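Letters are used for the chains, namely A, B, C, D, E and F, taken in the order the chains are written, and counting of residues starts over at 1 for each.
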Amino acid sequence: MVYITRKERFNAAHKLYRAEWSEQKNLEIFGKCSNPNWHGHNYELFVTVKGEPAADTGFVIDLKFLSQLIKEKVIDKLDHKNINMDVDFMKDKMASTEVLAVAIWEQIAGPIQSQGCALHSVKLFETENNFVEYFG
Amino acid sequence: MVYITRKERFNAAHKLYRAEWSEQKNLEIFGKCSNPNWHGHNYELFVTVKGEPAADTGFVIDLKFLSQLIKEKVIDKLDHKNINMDVDFMKDKMASTEVLAVAIWEQIAGPIQSQGCALHSVKLFETENNFVEYFG
Amino acid sequence: MVYITRKERFNAAHKLYRAEWSEQKNLEIFGKCSNPNWHGHNYELFVTVKGEPAADTGFVIDLKFLSQLIKEKVIDKLDHKNINMDVDFMKDKMASTEVLAVAIWEQIAGPIQSQGCALHSVKLFETENNFVEYFG
Amino acid sequence: MVYITRKERFNAAHKLYRAEWSEQKNLEIFGKCSNPNWHGHNYELFVTVKGEPAADTGFVIDLKFLSQLIKEKVIDKLDHKNINMDVDFMKDKMASTEVLAVAIWEQIAGPIQSQGCALHSVKLFETENNFVEYFG
Amino acid sequence: MVYITRKERFNAAHKLYRAEWSEQKNLEIFGKCSNPNWHGHNYELFVTVKGEPAADTGFVIDLKFLSQLIKEKVIDKLDHKNINMDVDFMKDKMASTEVLAVAIWEQIAGPIQSQGCALHSVKLFETENNFVEYFG
Amino acid sequence: MVYITRKERFNAAHKLYRAEWSEQKNLEIFGKCSNPNWHGHNYELFVTVKGEPAADTGFVIDLKFLSQLIKEKVIDKLDHKNINMDVDFMKDKMASTEVLAVAIWEQIAGPIQSQGCALHSVKLFETENNFVEYFG
């Protein structure tokens, strides 16, 4: 079993808040991340796939396929977007890095499995100091 | 003459658009950066000061002073903010990296000069692939 | 289960040596790391916590709490210090990266558990070329 | 149990192709990686060893030994070489990152075990966007 | 005057050698870089343009134009290529980083000037430890 | 004229203090950098040389020569050392990054000039957030 990882990037705006909470309570719980006018990040996404290298190509998965899949299912929907407002698969969800990583997993796990390998992890950096990993 | 640089960071939302242009024209000129719902970045800021090291401390400038100055005049106003909406010194300006770098220079050049040294450059990364430098 | 990581930094001096060994034997075993007059590093620390994201906040753990905890229990004790001489929780221990990573785990595992989640790993970089991981 | 990692680097040329396939089929399957005249990379290699820190040194493994072992068995054979043509342990194998990572494992797992610890993983970066991990 | 920089990347093979020298002399002068079977690098290219930000866009140069120009004139000719064999603008030149940086300048200086701004520098990393800058 | 840069690294201990000042005054001026028991850093050093590429090699300077020169004159004297106590060329000087950068310049400018090129700059990182440049 070999694990191969592809790194992609997207730049997006978001805020952390709950509509049913007051602005004051949102500030208490989410701090400056609750700024009503949004802030944003250069997100970095690492998608790891596991499987056996194919005898003829030496590939676990075709990285062009993987990169294109991530682009269509994830990056095109998030890049230069507002995570709270613009992204179908984040509708009615908290725009936290934890929740976003799980949502990204759900976007790509199926199509990867159809290639005869398996999604192992989604790792998502919000900043150089904060990142999240999800293993399904 | 020795040059010393301090790196700081801020995370902010912005968009590139002109209110007097149609959404279509904004899209043509600014591409996905014109998304009306905003996007954002982890900005990295490098402030370079030049001067003679002091005989007793070996310092061109006290880095605690410089870091505190940048924090008060720049980071506190930009971090977790919307550059177009929330930042007094960007009012009625384009939120491009070029314009922002010049505006940051204007915020800090005076107080640095009062320390017996001089601001040499402001370098501002929007992403790992795009950055701007301004030398006054 | 989601894993979230916080990166912190500290700059410290240390040396590798055993007081009961001769300077010659220390040099043989520890090489230039045994310099009696010390050397130092910019350490980078990654603390990973695992748990379920909370339904209301989307958080595994409040990163402000985690960062503050690491600051009080680890960074304030190590930053700009001598690991062999100044750090209570390293008293009478080898100042190797391995031993330090285990000692950092012991400083923070309890308070993290009290938040309804669990410390998963401590990863400690001594240089860009050498790092250690401990999983309890 | 503590895990310690050493990072090393090598610069090498390679291409992805199967001699029994036409140039056209190689291009279809391997894309621009099949360029008959080669291309190359700055590879980054992370070797992780697991074990108990020794009571007297605080070491899982002597990093000078580990670095020297990797140099002799891996780096000296790959650095400034052509992976397809010059490397004994890659003879008749695909020069994919997956296959290379497995081959590097086989070069060093035995000598590490003879030190009373165990090789845990080989992590190999081909570019900043693509890397492979192998755990035996 | 504001300076804006775009980073691009390419992966290529090369060797340092002079055909009129013996293999022995090439080895003496160029060391392991003279390996007849080639080696390669992940090159990183920084192109810096200087000019006045436009009043309406806040741009020194349209980064999409600049990135596309670099792609057509430089990256498409170098990426996944052999610098000595495959690149028209390196024909009969030494494939050193110095010579390559100057040749890249000559590929793009004219088209940038036609945009009402000027090429300021080409910075080319061969490895994280070696890079070259050319200012015309 | 082409500029070429070589990056080297060293790990060292230091403190900022003046022996004729009280411990209290040292603390006021130098903050935690005045810890009497030392602290340390992973320093990164960039040495930039300018000149004309030679017609036969394409080199401004032989990087093996430059790297070896830096090793002998700078790295061997600083690496795994105490900058205040162990380094001949820092005797009776403040161990600030500014002063150290100037001292490194003085160690290597002459030998570089003897190669038919010129030292352009010494750039020294103390941490990822603080660095100094000296141009002679």
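Just so we're on the same page, a residue touches a chain if its C-beta (ideal position, glycine included) is under 8 Å from a C-beta of that chain, and two chains touch if they have at least 3 such contacts.
Remember, it's a predicted structure, so these values are computed and weren't measured experimentally.
*Asks:* Which chains contact both subunit B and subunit C?
*Replies:* Per touch definition, common to subunit B and subunit C: A, F.
*Asks:* Suppose you list every residue number at the subunit C-subunit F interface; are over half of them used by both chains (same) or under half (different)?
*Replies:* same
*Asks:* Among the chain pairs C-F, C-D or A-B, which one reproduces the interface of A-D, with more than half of its contact pairs identical by residue number?
*Replies:* Overlap exceeds half of the contact pairs only for C-D.
*Asks:* Any idea whether A-B or A-C has more C-beta pairs in contact?
*Replies:* Most contacts of the two pairs: A-B.
*Asks:* Once you find the CA centre of subunit B and the CA centre of subunit E, what distance in Å lies between them?
*Replies:* Here the centre of subunit E sits 29 Å away from the centre of subunit B.
*Asks:* Taking each chain's centre as the mean of its CA atoms, how far is subunit D from subunit F in angstrom?
*Replies:* Whole-Å distance between the two chain centres: 33.
*Asks:* Which whole number of Å gives the spacing of the CA centres of subunit C and subunit E?
*Replies:* 42
*Asks:* Tell me, which residues of subunit C touch at least two other chains?
*Replies:* As it turns out, subunit C has residues touching two or more other chains at 128.
*Asks:* Between which chains is there touch?
*Replies:* Listed by label, chains in contact pair as A-B, A-C, A-D, B-E, B-F, C-D, C-F, D-E, E-F.
*Asks:* Residues of subunit D touching subunit E in their complex?
*Replies:* Against subunit E, subunit D makes touches at 9, 11-14, 32-33, 35, 37-42, 79-82, 85-86, 127-128.
*Asks:* Under the stated contact criterion, what part of subunit D meets subunit A in this complex?
*Replies:* Touch residues, subunit D against subunit A: 16, 18, 29-31, 93-99, 101-102, 128-135.
*Asks:* Enumerate the contact residues on subunit A facing subunit D in the complex.
*Replies:* 1-8, 48, 53, 56-60, 63-64
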